[in-house]
Every structure is written in structure tokens, then in C-alpha cells.
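Right after this note come the structures.
In the two complexes below, subunit A is the common chain; its partner is subunit B in one and subunit C in the other.
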Partner chain A sequence: MDTTLLLEPFRVPYLTRALIELTILGVLCGTVGAFVALRRLEFVADALTHTVFPGVAIGFALQGADGVFEGALIAAGITACVLTLLTRNRRTSDDAALAIVLTAMFSIGVIVVSRSHSYAADLQTFLFGQILYTSRTQIVETAVVAVLCLAVLAALGRELFLRSFDVEAARAAGHRVGALDLALNLVIALTVVAAVRTIGTALVLALLVVPAAIGRTLGGRLGTIVTIGVGSAVLCGYFGLIISYTASIDHDVALPTGPTVVLTLVAAYLLALVAAGLVRRRGLRASAHAPAAGMPAPSGLPRPTGSPR
Partner chain B sequence: MTWFDTYTHRAYAEAGLVGLLAGVVGVQVVLRKLAFHAMAMTHATFPGVVLASILGLDIYLGGAAVGVVLSLAVVGLTRRPGRTASGATGVILAAGFALGAALVAAGPAGDRKLSAFLVGSIVTVDTHDLVVTAGTAAVILLVLGLCAKELTFAAFDHEGMRAAGHPVTALDLLLLLIVQAVIVVLTPAVGIMLTMALLVAPAATARLWTDSLARTTVLAGALGIGSASAGLEISRHYDVAAGATIALVAGAVFVLSLLLSPRHGLLARLVERRPATGPSTGAIG
Partner chain C sequence: MAYDRTPALSRVDGRVPAGQAVALVGPNGGGKSTLIKAVLGLVPVVAGAVTVAGRRPAAARALVGYVPQAADLDPEFPVTARQVVLMGRYRLIGRLRRPGRRDRAAADEALALVGLADRANTRFGALSGGQRQRVLLARALSAQPPILVLDEPFNGVDAVSQEALIDALARAKAAGTAVLVSTHDLAVAQRLCEQTCLVNRRQFAFTRTESALTSELLCACYGGQVLELDAGRLVVTPG
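== the complex of A and B ==
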């Protein structure tokens, strides 16, 4: 790729808007994703991406494109509360309850969409978003949601951090664990809402999970994970946009932007894995025992930060 | 002219078969807390199915090939130190989905195709689908029956089983492969996004009603068949998406059971609420 191509997004208006949107989302998702990874909330995040979907579908059915954001917002608020409550039930384990809520809510969305004439096209739009159609209003909406989420994380960061490592200590220190969980779930839900029209509900999860996984592979501290996560999300958003643009314009391959960004992120993750593996091979071999496959989800604490590698 | 020549008959037969299969295997998924893993597998199978469809191969073969590789990868990856399983699972899920979506867009398949992969289309199953489903169901139920004791042991005391000298890893792999096979078989009928509903909801519902594993399995199978057929019936009556209606019925049965079940239901718990539930209850209010 020559340099003119790298500058292309700054000349074509709709690419510029897409790039701004992707950058905001990268900063937001990279940060929120670090907390998702710390708390091992990947499945909750996945559930939230699916439960926002019926809100999008109903909003669209009632008010057209303008209703999407409001619908998503309402669905996100409700399901964040429901999920927080559900994950406290002992008998039905977390993940079974999550899977059921997730599929049931998603089904409602599909049923609503299936009543419309443009069923298949609508479904695809809601799931994968239309980043190249990003409007100024959408950028503003995304920015507002991002600032809100980042403010909450900045305000509650220490408590959330303590809670993810030691529930009992957090409780003893007088923090309301239930409220903290709800706050984090709401932040995740809002992130999904922010990304819903551009990346689509199905691909938001990748932005939440993969950058944080890259950060976790390369660094140990929360600050490092956030920095690497945000950096990789923004960079991969930029490169994914350029790759999909080049493929579509110059090579006539219809590569949709959203999936391309995600695949770029996944490639970066694989690179990070290889890099970390090389470093580890040179250094001392960690002999810690990992849980075997297929066992009940580990209930222990996350890996302590700053541990020797 | 046989009974299977009508597409509605084929759809009902398929619904019954996938309901039974998913219900029974779902008990293992719920017991071993494999829901998130299964979710990731459904998404990761997606590109395999799409690729097979683009290349004109049998989509069951494509899905199965990707599934075997993935199951091996998961067993291999999660045994390495220092990596959280849920993080890796999340990455696999996201990557699989994005790859599938990109392939659909780049390939000759249109919008219709994509929605069929995502939410299934049970009314278009043909005799080939039925035969594959029935054959897979027979094999899987047989294997589950033969390994019932070992699987139960592993579900409740994994470390104990390893200590007792059983080949735990092989058994884990077998279970992952079974789950994978169910996912591949269910995809044409209910789609990758909704397979989870049939896999988890009937089993989780059955667990609310009984503590015996044998009875849970039978009940889950019956609930699976019931949800799938009832969902299909309702969807035909109101002309809405079949896969989604099936998933919704399965979810609704679970929610009802959550309210009404005699021992674990919310109503029953409200009646005999013990103050000893402790500090967690006060935290949210």
C-alpha cells in the first residue's frame, strides 16, 4: 500500500466520518473491554449484544431509522438490569440463564423483522451495521455515549477493579457490589448501543473482546491493557477501513467494512500471541497449571496483575 | 408418494428430531457449563458452512470439518497456562462470525442465504437433511447411552475422575465433538444464532423440575420436541420466522418454569424466604 492510499480516508467525506466513528468506538470499546476481560464478562457482553437487537428491530418497525437509537437504548437499559438480577440466581447457572435470555430476546427481534417485507436485508443491516452510511448525528450520539461511559468508568474504576479481584474485600470496604455490577453491565450495554448502527449488534462483541485480549496477551496491568486495547482497536479500525475500501474499489471484492475491521483485529491478536510466545520462550517458562477444557467455568480470581512473566 | 413428500411433514419431522437431540445433549451442556463454549462453536462453525456452500460442497461436511478442528483447538488451547478460557472463547466467537459474514458478502450467495444461515429455515429442509439429522441423532444418543456413567462422573467430579485414572481429556473431547455435531445438524433448521435456544433452554427447564439426571434427560428431550413442534405450529399460524418462534417458545417454557417450579421457582422461594440468604440480597436495593 502506498501512502496516498493511507491518506484516502481523509479526503473522501464518508470515509472520514466512518474513520471518526471507528476511532471513537475504538477508544470506548478498548477501555470497556479491559473491564469485561477482568471480570470475565465475555458471555454477558455477548448476551447484551443480542438483547439490544429486538430494541433495534422494534424501534425501526415503529419509527423507521430514527427509532433505532432510542429502541436500542431502552432495550439495553432493561436487559442490563435483567441480566444483573439473573446472574444472581444460584440454581440456574449463570451461563445457562444468559444463553436463554440471549436467544429469547434475539428471537423476538427476528420475529419482528420477519414481519417486514425486506426481511433479509433488514436483518443484515441490523446485525452488521452500515459504517459507510455514518451521519454527523450518529457521530454525535456515539461521542455522547462514549463520554458518558468513560466518565462512569473513570469515576468507578477503582471500585470496579477491586470488585473484580476480591468481592469480599470490596464488600467489606463498603462498596455495593450489586450496584457496581449493574453499573458495569449498563456501561457495556451503552457501548453496544453506541456501536449498533455502525458496526451492528453482531460485531460489537469483537470490539469489546479482541482488543482487550490483545492487551492481556501483551501486558499485565490494567493501565497497559487499556492502552494497548485502545491503540489496537483504533489502529485496526483504520487499517480495516482501508483494506475493505481497497478491496472494494481496486480489486472488486465486496469486503464489508465491519467484518474486515474485526478480522484485522483478530490478525493483530494472533500476531500478539506469537510475539508473547517468542518472549516467553526466551524467558522463564511459567509452570502454572491452567484449567482443562470443558470443565465448569473457573470460579477463581483473575490472574493477578503485574505477575512475573 | 410417501409421508415425507410434503414440506410441512418434513419440517415437523425435522423439528421433532432436532428438539429431541438438542434437549438430550443440552443436559450435558448445562451440567458442564458449556453454554458459552457452544455459543462460540455455533459462530465459529458459520464460516465453515458458508465456505462449503460457496464451493458447492455438502454444508454438513464443511461444518463438521471446521468443528473437529475447533474442538481440538479448544482442548489444546485451554490447557496452556496463563490464558483465560473465556477470553479465548470470546475471540473465537467474534472471529468466526466476522469471517462468516465476510465470506457471505464476498461470495456469490445473496441476502436470503445469509438469513438462512443465521436464523435457519426449517420449512426448506429436504430428505437429505432429515436423513443426516436422524442418523446423527441415533449415533449420538447411542454414544451418550454408552458413556452415561462416565459423563456423569466427569460432570460432577472432574478432578476425582482424573485421579481415578480415567481418560478425562478424551472424554472431554468426545463431549465437545458431540456438541459440535449437534450444532452442525441444527444449523440448517434453526440457524447459528438460535441453536443455543434449543440446546440450553429445554435442559435448563428440566433441571428446575427434577434433580434426577435420568429424569432430567428424558424431560429435556420431551421439552425439546414439544418446543420445536409448538414453535413451528405457531410460526406457521402467524406467518413469522420459524426458527425464532421455536427459540422463543423454548425460552418462554423456561421462564414459566422459573416462576412455577415447586422447589426452585421464584414463587416457591418467595413463600419460604429464609433470612439467611445473606448480604448479597441487600446489596442492590
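== the complex of A and C ==
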């Protein structure tokens, strides 16, 4: 790859705006994603991406492109509250309740969109976003949402950490678990809203889940997970943008930007898995030489069979 | 005390004095955990009163250090032993401040009390079951609460960790802490606890440990024939 290509986003205005937007989203999603992973809320995050969809569709139907953000915001606020209540009810299976809400809301969205004349085009826009059409206003809105969400996480981070690790102890210590859950669900919902126009409802989940998964694969502490998550989200946003641009402009291969960013993230995740595997092998080999100093291998990961070569 | 209006435990009466330990003994599902949750203010009390240091349990949470069962926690969670212990000081630290030198010192001191000073930076999940249980006790101790409540801390714990737990609890008692601990281990109850409360849906005894742990009372409480082995383990056969 030509090195001047790496600077292309800084010369072409619409690429610059896309890059700024992706960078803000990378910081936001990398951080929020770490808390999603701690609480194992991936399915809740998935439900939120689907329930924001009808908000987007209704907003668009009522006010055109300007209504998308407001529609998503309202839908996200409502569903964050509903999901918090649903997941509190211990007698319903959480997953079933979520799946019902998720599919119902998604269907409403599809019905609303199907009434428009440009059905297929609109549906594609909502599902996969339009990174290259990022406007200045959109960047400002995303930045405001990001600052708000990161401020909430900064204030409640420790309590959310305790609640994720040991909910009974959090309750016993007097932390308000219901309020903490609602706060985190609202933060996830707002993150989905911020990302939805850029990367679409179908792909937001990747930004929330994959960077944190990379962080968890490579790091053992929350701080490291957030740092690696943010770093990988921002870098993959950048490289995904350049790859899709180069493929489309120089090689005449139409690579939509959103999915390219997602695939870049997934590739980074696979690399992280390989790297972590190599490190563990080396650790095992070292501990085979000095068994007394050896640490137990992390459980849940397959141990290599036979003796290390 | 009740879940969803079905009383889980009734007619319990007794008190845990400062500087003493009370063992909570009884079969699984007999209400030990419910009683503990009532003391923590997490389940409603239908009739009578549970008071903690003269207050409603929910108003006395700052005075109680709670030690849950380590086995219930996710061993994959990305947290070190010291970070777990620091969680015990979150309420003292407050929302907007970062843990300071005093908090870290208190955490390290608590880890030393349970004999794990050298494992502070080890990931929680990489510790043995007994060591995890000791870290959770250190978390409760780090805030120096006047009352400690422990939910079956000796379950599945190796001998070294059991001694470390008993030692740390004995020291806490000597410093004036009141201890309420549920356990299946009668030998531990005999060594550590001045009093024992036998419960199975209702109270069968709340008295001095040697008077409570008789085969007649144990048999009545467990609803069967009870064999007590040398190690203090309890074997119940339906009779």
C-alpha cells in the first residue's frame, strides 16, 4: 500500500469527517464495550440496536433525515428503561423476554420503512449506515453524546465494576443496583444512537462487542481492556476507511465502508487470539522448566495436550 | 422473613454480641441464607424485627462487612486480588475521588491479615478457591466494619485457607467485631463461635455452641439421623 494513501483521509474533506466520526465512535464504543463485556450484556446491546431501528424509521418517516437522530434517541430511551425492568424480573427468562422485544420492535421498524417509496435504499441506509455522508452537525452530536456517556462512566465506573463482579455484595453495601443497571443501559442505548447513522443498526453491535473482545483477549485488567479496546476500535476505523476507499477508487471494487470497518475489527480480533495463544504457549513452556513458579493457566481455555515440544 | 410472601424462615430470636461469633447451622434450603439476607436488609421481614446496631438493616449497611461465597463469582472477571479488596472501600472513597494512599494501605493491610500480601497483583480467578474466599474476607475487613456476615466461607476450602480464615476472624473478634457465619462445618463452629443458631425453616436452638450442637438438636433440625464424624463433618441419613 502506498504510504501517501494513509494520509488520504486528511486531504479529502468527506474522508476527514468520516475519520473524525469513526475516531469519536471508537473511543466511545471501546470504553462502553468494556462494560458491556464485564456485565455480559452483549445480547442486551444487540436488543438495543434492534429496538432503536423503529425509532430511526419513524423519525425518518416524519421528518426525513433530520428526524433520524431524535427518533433513535426516543426509542433508545424507552427501550433502555423497558430492558432494565425486563432483566430485573427473575421469573421470566431474560433471553426470551429480550428476544420478544427485539423482534417486535424490529418488525415495527420494517413495516414503517416498507411504507416509503424508496424502501430498499432506506432500509439499507438504516441497517448499514452512511459513513461517507457524515456531516459537521452529526460530528457535533456524536461528540456531545460521547462526552455525556464517558462522564457517566467516569462517575459510576467503580460501582458498575463492583456490580458486574459481585451483585450481592454491591446490594449489601447499599449501592443502588437498579439505578446502576438503568444508567449503563442508557449509556449503551445512547452509544447505539450515536453510531447508528454512521455504521447502521446492524453493525453497531460489532463496534460495541469486538474491540472489548480484543481487549479481553489481550488484557487482564479493566484499564488495559479499555485502552486496547479504544485503540483497536480507532485504528480499525482508520484502516477500514482507507481499505474501502482504496478498493473503491483505485481498484474499482465497491467495498462499503461500514462492513469493511467491521471486518477489519474481526481480523484484528483473530490476530489477538493468535497472539494470546502464542503468549500462553510460551508461558507454559517457561513454566514447564520452572514448575514451582508456574501460574495456573486461565480456566475456560483449552490446555494444549501432550508435553510442550 | 419471606420471599414473595412465602415465609422462608420464622420464629428466630437471638442476638450477636460484639466481640463474639455466632454460627448459623442447618440444612441447605433451611433459611440460613435468608437470615443473612435479612441482616443485610435484602429480604423483607414480615413479622418481628431485625435490628443491626439498633437500626433497620437497610440503614446499617455501612456497619456490616458482607463476605459472599467465592464460588458464586466469575473466575474469568478481569480483576486482581487488590482491586477486589479495594471494592470494600468504594463507599468510603466516594464517587468522584480516586482511591488514595490510605485506601491502598488499608487494602494491603487487609490482604496481609488473611495471609495473601504476596498475591495482591494476582488475577482473582488465578487464585485457588480458598484464596479467593480469603480475598473476599479481606475486602470486608478493609473497611473495618464492626459487624461481619459470612455466607458459608468454609465450603470447599483447603486446610491452609481454612486456618487463615479462622485466624483472621478470631483476630477480628478480639478487636471487638461481631461475627455471624453460616457453615456446615461443626468443628469450625466449635472452634470459632461462642454461640450457634440451628435453623431449618424455624429456629431449633440459639445458645452456647456446645449446648446447640448435640445429636438430639442436630437430629431434630436436620430431620433425620445425624452422624457427627471426628473432623466435625456432618452426615445425615434419613431416619
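What we mean here is this: the second predicted complex is superposed on the first by the 284 of 309 C-alpha atoms of A that agree within 3 Å, B and C clash if a C-alpha of one lies under 4 Å from a C-alpha of the other, contacts with A are read in each partner's own complex, and residues count from 1 in each chain.
Assume contacts are C-beta pairs under 8 Å (C-beta built on N, C-alpha and C of every residue); 3 or more make two chains touch, one makes a residue touch a chain.
This structure is a prediction, so every number in the text was calculated from the model and none was measured.
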First, second, both or neither for A:V266, with subunit B first and subunit C second: first
Per-residue contact with subunit A, leading partner among subunit C and subunit B: B
Which superposed partner A:R171 touches (first subunit B, second subunit C, both, neither): both
Touching partner for A:R216 - first (subunit B), second (subunit C), both, neither: both
First, second, both or neither for A:A65, with subunit B first and subunit C second: neither
Which superposed partner A:I249 touches (first subunit B, second subunit C, both, neither): neither
Partner chain in contact with A:I225 - subunit B first, subunit C second, else both or neither: second
Partner chain(s) touched by A:A179 [first = subunit B, second = subunit C, both, neither]: first
Subunit B versus subunit C as contact partner of A:E159, first or second or both or neither: second
Touched partner set for A:L205, first subunit B, second subunit C, both or neither: first
Overlap of subunit C and subunit B interfaces on subunit A (superposed complexes): 171, 216, 295-296, 298
Complex interface listing, subunit A residues touching subunit B: 37, 40, 42-43, 45-46, 50, 84-85, 88, 91-104, 106-111, 113-115, 119-121, 123-124, 127-128, 171, 176-179, 182, 202-203, 205-206, 209-210, 212-213, 216, 253-256, 258-260, 262-263, 265-266, 269, 286-298, 302-303
In the complex with subunit A, residue positions of subunit C that touch it: 40-42, 58, 61-62, 64, 66, 68, 72-80, 83-84, 87, 90-91, 93, 95-96, 122-123, 125-126, 139, 149
Complex contacts: residues of subunit B adjacent to subunit A: 30, 32-39, 74-75, 78-91, 93-95, 97-99, 101-102, 105-106, 110-112, 114-115, 118-119, 158, 168-169, 172-173, 175-176, 193-194, 196-197, 199-201, 203-204, 207-208, 240-241, 243-245, 247-248, 250-252, 254-255, 258, 264, 279-280, 283-284
Interfacial residue positions of subunit A with respect to subunit C in the complex: 38, 155-156, 158-159, 161-162, 164-166, 168-169, 171-175, 216, 219-222, 224-225, 295-296, 298-300
